[in-house]
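Same chain, two partners: subunit A is paired with subunit B first, then with subunit C.
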Partner chain A sequence: MGLLTELRDSISRAASTLFSEQDPKRIGIYGPPNAGKTTLANRIARDWTGDAVGPESSIPHETRRARRKENVEIERDGKSVQIDIVDTPGVTTKVDYTEFLDHDMEKDDAVRRSREATEGVAEAMHWLREDVDGVIYVLDSTEDPFTQVNTMLIGIIESQDLPVLIFANKIDLEESSVKRIRNAYPQHETVPLSALEGDNMDEVYDKIAEYFG
Partner chain B sequence: MAEATSKPRDGVQIDLISAERMDGLASMEKIRMILDGVRDGNIVVLEEGLTPDEESRLIEVTMTEISPDEFNGIEIETYPRSETADQSFLDRLMGKESTKKLTVIGPANQIETLHKDETLISALVSRK
Partner chain C sequence: MPHQCTDCGTTFADGSTEMLSGCPDCGGNTFQFLPESSAGDSSQSSGAEPEPTPDSEPAPSVDRSERPSPGDSVAKTVGNAAKTVKDIVGSDPDGPGTSPEAADPLEPWPEEGPGPTDDQPDGTTPTAGAESTSADRQRRASASRAEDVAQTSARSAVVAPEELPESGTAEMAAGAPPADGSPSPSDSRVEGSETEPSDNDEIDRPGLEELREELNDQFESIRIVEPGQYELNLMELYEREEYIIALQEDGRYQIQVPESW
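Up next, the complex of A and B:
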């Protein structure tokens, strides 16, 4: 880094700590592939900063690197909370490159994509142990929430003593069942939403402010 | 596992690992033992599961070892479920960790969970 940029960075860092009451909390968005994590991260970023975090896709593992959007300021009841949102690749215990071949991809591309996906998941696990202050766990409410990976991940999050909110996404779809998620993880607060349609975002922001502010 | 490397050509080897055996190992040794077994095509059954922290490291190390046409990860099932909600009142009263759970780990391309509920895991294991 050049001396000037370094100087500028340190000045802006000093200024931001001067003006905000506290450092932004780093909130990790976790959950299985295709739950709508990136759609949610983009909606939060667009609602409060004007730009997006990264591409959304129906192809699993579109997000292969943890992506961060810093200093998202959410205003609730005249107060404002500062968060950094971290969109993570969907956590899984297996990645098979041949699954990408079904999405019209050449073998080389599929292999590269799966290698990036595995690196991304490893990185996301690392972040969870070292670098996040709170977790939003996103589930697709049209699917069975009671998978081994979800149970294991939520167990890992609980063991880290991190504040956690469960988001039951895709309530715009007919097969959606928020109750099924509430029953599976009764120890946590579940917030229904549609990240795609923007349904129930007021409650989403209220809860974010309440849990992570 | 060191003592059990020779196996019938056509079968599936199952390693049942006692809690006692695991107790003496460091986290990374446990993970190495599990992944070595699974990468040999074995089904590893742990009498007493891993801690959440070890589970998270197991996922991380698994990811770094996945390689195309060779190893595409693991399937893992635990019983009883690891959530605190499923702990009995007595367990919570005694401050028992919820990590003491039977855990089955196998190669993702060879093991498929057919059915699972509070009291039963039914899995299909195919030969290599």
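Up next, the complex of A and C:
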């Protein structure tokens, strides 16, 4: 019930902001699990508000509920851009608790995490349908970007006509290949970065202001 | 004249799929199964059946049809078939409340798939029986043995929920997913029984595969392979208006339908 109330509240908040004069755009941070979405959300939030959004982890599906950071004000070239950041659970077509057993997790915990992660994907997809004005699509640049999930999600985003930026994350790692991502999605702007190390964040904020301001 | 609508008395041949979407005459969704033997045994019941007078009570007639041979498997078949048909056709206006029952008729199908139980001697039944501890399953196995091929195939043909009389789309949506979810334990059981008698089960396989595919096509937004293992259809999730807010241990899930925001 608490969850319901929370949802209702968030919806009514959403409804009320619809009518406010200066709507901060709501930017969804999407991508597959472990791409660094929360690390990025935390980096942005810390840089501009001083707070974090949520815990980061190397275990996939750490973020199992969408988390929001409202009124993040990003200043660029003397202008300021206000956005709400929505950090979403990693989207995937399969969730398997056995994956978590490798991370020293008890079976019960792994099954619960798996169930919550699945709910999280449903929530993320729901947000994408109704509640975001723009998308930052985060990819792990050490991984092959040609996946069913990426293709499908980017296809959905395109069909919604949402402004989208592709972030090639983890460029601090040796195996990183930004080019591979650019080749995969040549129709979209790809911004290389390391959210963990804070590499290339200036360009990140420039692009955010440009696309979502 | 094995199947009869308990409302208007229209009868259907054994193996008929007509009634799976409700009685074409009166829309009724409760049927009784009248085996040939009961018609032969009791002249009273065979006389009563062909002329269903409006004042003939449906409930007693069901009892009568079951009474003639309470001990043998035919009677069980009757009860079983009647129950299954009732369950299949019964739309659940109560929504999630009736979903555990709604899920039940789906369970026996995979094992009773086209033919195999008929073709095989008792040899395989103990295997299936041993797999599940419930006497219920054994009853189902013996019931299906007594069915003829047409009926078995009719029973194995899945009725898509879309084909059933519409009863509130939101409730249908709420009721349908559990049907996908609940077989999850049985899903693994079925796989087990599939692999064990694999050598003499050739015909069974395509049927099972088909059935599973069909089920998955129907309820595909989240498929519960087993608790903790899920397959997600992103397009379905994206296109759904209702929002899934909680998966439960038994494979059911709760959704928030848009109307209730």
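Going forward, the second predicted complex is superposed on the first by the 192 of 213 C-alpha atoms of A that agree within 3 Å, B and C clash if a C-alpha of one lies under 4 Å from a C-alpha of the other, contacts with A are read in each partner's own complex, and residues count from 1 in each chain.
Rule of thumb we're sticking to: contacts are C-beta pairs under 8 Å (C-beta built on N, C-alpha and C of every residue); 3 or more make two chains touch, one makes a residue touch a chain.
The structure displayed is predicted, hence computed values, not measured ones.
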item	value
Contacts of A:165 with subunit B and subunit C, given as first, second, both or neither	neither
Subunit B versus subunit C as contact partner of A:8, first or second or both or neither	second
First (subunit B), second (subunit C), both or neither touched by A:151	first
Which superposed partner A:41 touches (first subunit B, second subunit C, both, neither)	neither
First (subunit B), second (subunit C), both or neither touched by A:126	both
Touched partner set for A:185, first subunit B, second subunit C, both or neither	first
Those residues of subunit A which subunit B touches in one complex and subunit C touches in the other	91-97, 111, 114-115, 118-119, 121-122, 125-126, 128-129, 152, 156
Subunit C-facing residues of subunit A, complex	3-4, 7-8, 11, 91-98, 107, 110-111, 114-115, 118-119, 121-123, 125-126, 128-129, 149, 152-153, 156
Subunit C - residues contacting subunit A, complex	221-222, 227-235, 237-240, 243-247, 256, 261
Subunit B - residues contacting subunit A, complex	51-53, 55-57, 59-60, 62-64, 66, 68, 72-78, 81-85, 98, 108-109, 113
Touching residues on subunit A, where the partner in the complex is subunit B	91-97, 111, 114-115, 118-119, 121-122, 125-126, 128-129, 148, 151-152, 154-156, 158-160, 185-187
